[in-house]
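There are two complexes below, and they share subunit A, which is joined by subunit B in the first and by subunit C in the second.
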Partner chain A sequence: MGILGAAVPHLAVAKVTADVAAPLSPVEPAPAPASPSPRAKPANQAVRIGAEPSTLARRLILGIIGAIFLIPVIAMIEFTFRDGLAGSYTTSHWTGLFGEDSARTYRGLYQAIENSLVLAAVTVGIVLVLLLPTMVLVHLQFPRLKRTLEFICIIPITVPAIVLVVGLAPVYSVVVKVLGGSTWTLAFAYGITVLPYAYRAIQGNLDAIPVKTLSEAASTLGAGWLTVLWTILLPNLRRGVLAASFISIAVVLGEFTIASLLNRRNLQTALLQVSQSDPWVAVIFALAALALAFVLLLIIGRLGAASPSRRKS
Partner chain B sequence: MTATFSLTGPTPTADSASTAPPTGATVQLSAVVKAFAGHTALNSIDLDVAPGELVALLGPSGCGKTTALRTISGLESIDSGRILIDGVDVADTPTNKRDIGMVFQAYSLFPHMTVLENVEFGLKMRKVAAARRRERALETLEMVGLTKHSERFAHQLSGGQQQRVALARALVTRPRVLLLDEPLSALDAKVRVQLREEIRRLQTELGITTVFVTHDQEEALAVADRVAVMRDGRIEQIGTPEELYATPANAFVADFVGLSNRMTAELIDGQVHLHGCTLNLLGDPMPDGPVVALVRPEDIALSTEGIAGTVISSSFLGSLRRTRVRLDDGTVVAIQHEVERHPQPGEAVSVRLKGAPVSALPPKLTK
Partner chain C sequence: MSLATAPAPAQDGVELTARHHPRVAPVKKPSNRRRRLAYAGLTPFAAYVLIFLALPTVLAVVTGFFSDDGSLTFGNITGLFTPTILATFGSSFWLSGVTAVIGAVVGALICYAMLGTKVGGLLRTIIESAASVLAQFGGVMLAFAFIATIGVQGLVTVILRDTFGVDIFADGVWLYQVPGLILPYVYFQVPLMVITFLPALTALRPQWAEASATLGGTRFAYWRYIAAPVLAPAFLGSLLLLFANAFSSFATAAALISQGSQIVPLQIRAALVSETVLGRENMAGALALGMIVVMVVVMWAYSVLQSRTSRWQK
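Let's turn to the complex of A and B:
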């Protein structure tokens, strides 16, 4: 179950990554003149290859994809109510979480959740402090390096986590000597693993706004570089930055391999451990992690749809 | 409606109001060179702009006009030469310290700010108090007729309105120099004419030294005190619109500023002999010999007798018509005439020169 818990958020993240690039534009086009709906077509028009699918086809595709995602989730929920192998159902696994001695029983799990949240925060910090300014700088001042930066940021997605760990192990032997063996130091490795997702989210937003023109306009009005970044660019990159942050959080909360192989305790390694003695509780926490990932996805979707005027109001 | 306030002195820090008559700064480019990856965008440019003057940089794409503007603003560094604003070399001064206003070709309003916030931005950078800032921003918005749109966002405005806001944003700080980088090229024809007149009115009222980049010769001639025609990183000619139109320095200028017919002629005793007509020569005297006369379409007329030719095409241009005629010697000329006359392609016609003085170039300069 721990493996399932670890894998599902990654699936969700992969879907988000594909979706974030397009809908991030903060600049909505001016209202277009009234024109026939692109969906409206003459009754006698023949169906052609590449045409927009019919309503029925859309619903069918949505239904199949929905089922692929929902069936495991429903099975997990059903599992949490099972009463052992007796075939009957009980709520005791859920109520047990709120029992008097749950804090003691699941202390390790709660500690792991805390570790994962700290890791998520530090990873997001790394993305915002290192990746974002670098991307803006490359976009504005060194556009020729854009391809190189993209290549570097995409590399982690092509390297299996196990290979990454082999390379990171000697590095972490130094990190432990310098910074100690605290779990938060894993964030350095996670900062690398989230690069492809964070890069895509931010780059999509950078491409959607005239960054150079806005920066130049602000500087002709008297703004220095930091003011341009903070006052002009960040508000317009808000969606990309938030999407990158949420995706990073989702990746960190679902990460298992690196933490396990570097002997650190995070949510996923703890879930695996708990699942060996209490699989129901492990699944309940896996569901909670999934729910959090879904909420983050919803927030990203909402951000993509919001216009400046609505945000203002 | 006339602006009589001043928010800035030579350095962009003040919150003082002044009723002194508006005066702009001098702008001088001296032997400015700028190259991009081996391509020389500016090839030893010299340009002097007087206080309160509007100079248009005119030329085809890639001639270096925008680069010249960007070097004045500091958005591009220069390889050599000097850029002086009010006599002070600003080549090493960063853009945000140059006290300039700039309007870009692309709508450059900050999308997350309202119109009012956009206009206030420059004042905020100069640490003007909030109440004062708002007052100044509203005054400037009133100048461009957009007060009632002050709470809107950029995407809720038309292109013309966005450029008006951009203009107000650039003017609100009363910059020493206003730089306009093809501000009208993204607008439709009617709005373009309205806005260029508005720009000229505001520039004259405020007395701000202005450099206006455009590739549209009609626009340049309409708004500028002087026009600098550029090609391949050089200024080919600078002068008043009238000077450029009447006495182009070469065929490139003649072609780019207005429309000229190039007709082979002979210069004898300082006069141009062309198709049996003797015309006075405009500009500097030239040695006798073969020349290429530059004859404006309005200086040729369709006639009942004269030089024979055949109509190639005829275009309706609103208040006038332009007809292209192939003369019997093979020369093709454009003729501007009244709309009532509507020649048909293939029609045999006669043309005559009206006798207006013409410019002429030695044949080697016509390329």
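Let's turn to the complex of A and C:
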């Protein structure tokens, strides 16, 4: 094959090899093309012989477990309409949020939300500026470091936040001296906690596109590495980058451990504090945050789902 | 065929090199300078990971070996083996084990129910997104949810008490104790199981079911002799991941339990924030070391099982 394609530019070789390989090699024990008809049929149209549950069983299982998982959410919603410990209901907790005094009464909470949003933005920045270029570089130039990078990015699962925070305390006493005590510095720690999620999202995308071919084609045509990264690779990595950003935002908005033990104010620590004096508002904000995270992850899910059909067309 | 051979005679030189190195792409090798530049490109991330991941991890472990005045000691490490701390590790193991098993079984049931649904379909996307939210986003808000559900005045508590005459707190309020953590933990363990175990089910190929049926196998035989052995490593791996997840989880417990330190993460909190008891800061280091040892063992076993799992996912 190599000799056959020798003089053709190697991009073309890859294509030709791929197209020609299957019909050319009848000697190989490749069962796939031999009997395509039974496999092409979607499994759920066949007689039920294998693993799949019946529709009734599926609905029963998902229905019952789904209902049980909805109970706490319903209880939270019901709770936000309660009027103190008495049995009656009121909408005052919701209307109070939109009243004139709201900005003043819940100043601390709004400040904390702002902090969390800033933290989410800086964390996404860290992912995009530090992690993404490194992953592309390793993918292109240092394929042998790929396992190492993966190992590093998975470490935060083995060293959980509650352990990390013990060592972060002395690190942050230095960080505060150098960069000041503003909230955004916490994003350095959050960049570590989101590593496993962001890595997986971007790596999935990197593996799915021919990064090397694309960048070599571009540099053959005279593009510098910055042009390659910005105009060629980034648009192709859009889905992975978006997914990594969204999952980072979701993780940062839900982060409690590090902020709490380093005495910083973010959404979660403020929620816990507010819940002591005004549990109803705390629950309302918790519901809103849950809904926001659900929407973010739903978008990630749709992004992922869009991929196979796009590639086919 | 003709397409590949046609231009060959035109360029002799290229053909020659390609014959000798058939797999090497005819792209110029990066010069030394470029190579060095590329290495330089790795340094920002390397520095970042060193300062905010490697350094804290080392510091966390090392502080456990020092006493308050900075001298080397094994006092904190031996302190891990006092009855109180051992009991905390015990209840952490118990809580993580119980919720991991419940989460794994219920989560696997959901995965089973989703067999045959379309990958990327609406139902699957919604369940996967909901699972991601609940698995990663719970924390403090899960504590709120369960106080609103089975707190002293919680919705379920009140309904059970007023309508069915069942008092779930007849023997005292257990929600703010370790047993009270089981339900909230299961609430994020089941979704995590769905996320980690669902991909493993793609290993079950329809052909195997067809082959089994062709040979006269029943559905039970298929599950007993084909599906179960194939899925076993993935199931055990996910179980371990769930265990590690519960073991290292802090936020829900911190929000629910404000008094006492019944599990290891709460014990670390107590050691970190206490200023009254001298020498406790370094105890946090020893506890962190203990946690890391447990986590490394569990995650190592997980990766071993994971490599056995990936064999079927190609």
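To be clear about the criterion, the second predicted complex is superposed on the first by the 242 of 313 C-alpha atoms of A that agree within 3 Å, B and C clash if a C-alpha of one lies under 4 Å from a C-alpha of the other, contacts with A are read in each partner's own complex, and residues count from 1 in each chain.
Everything that follows uses one rule, which is that a residue touches a chain if its C-beta (ideal position, glycine included) is under 8 Å from a C-beta of that chain, and two chains touch if they have at least 3 such contacts.
Note that the structure is predicted; figures quoted are calculated from it, not measured.
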{"item": "Which of subunit B and subunit C A:216 touches, first, second, both or neither", "value": "both"}
{"item": "Subunit B versus subunit C as contact partner of A:71, first or second or both or neither", "value": "second"}
{"item": "Touching partner for A:279 - first (subunit B), second (subunit C), both, neither", "value": "second"}
{"item": "Touching partner for A:224 - first (subunit B), second (subunit C), both, neither", "value": "first"}
{"item": "Touching partner for A:142 - first (subunit B), second (subunit C), both, neither", "value": "second"}
{"item": "First, second, both or neither for A:232, with subunit B first and subunit C second", "value": "first"}
{"item": "Subunit C versus subunit B, contacts on subunit A by residue", "value": "C"}
{"item": "Contacts of A:61 with subunit B and subunit C, given as first, second, both or neither", "value": "second"}
{"item": "First, second, both or neither for A:155, with subunit B first and subunit C second", "value": "second"}
{"item": "Set of subunit A residues, in rising order, touched by both subunit B and subunit C", "value": "216, 220, 308-309"}
{"item": "For the subunit B and subunit A complex, residues of the former touching the latter", "value": "12, 73, 75, 94-102, 104, 106, 108, 110-112, 114, 121-122, 125-126, 153-159, 166, 169-170, 173, 179"}
{"item": "Residue numbers on subunit A that touch subunit C, as the complex places them", "value": "2-8, 10, 13, 16, 20, 38-39, 43-44, 46, 49-53, 57-58, 61-62, 65, 69, 71-76, 78-79, 85, 126, 130-131, 133-134, 137-138, 141-142, 145, 152, 155-171, 188-189, 191-192, 195, 197, 216, 220, 247, 250-251, 253-257, 260-261, 268, 271-272, 275, 279, 282-283, 286, 289-290, 293-294, 297-298, 300-302, 304-306, 308-309"}
{"item": "Parts of subunit C lying in touch with subunit A, wherever the complex brings them together", "value": "1, 3-5, 7-8, 10-11, 14-15, 18-19, 22-23, 25-27, 30, 35, 38, 41-42, 44-45, 48-49, 51-53, 55-61, 63, 106, 109-110, 112-117, 119-121, 125-130, 132-134, 136-142, 144-149, 153-156, 187, 190, 201, 204, 206-210, 212-213, 219, 222-223, 227, 244, 248-251, 254-255, 265, 268-269, 272-273, 284-285, 287-288, 291-292, 295-296, 299"}
{"item": "Footprint of subunit B on subunit A - complex, ascending", "value": "26-30, 209-210, 213-214, 216-224, 227, 232, 235-236, 307-309, 311-312"}
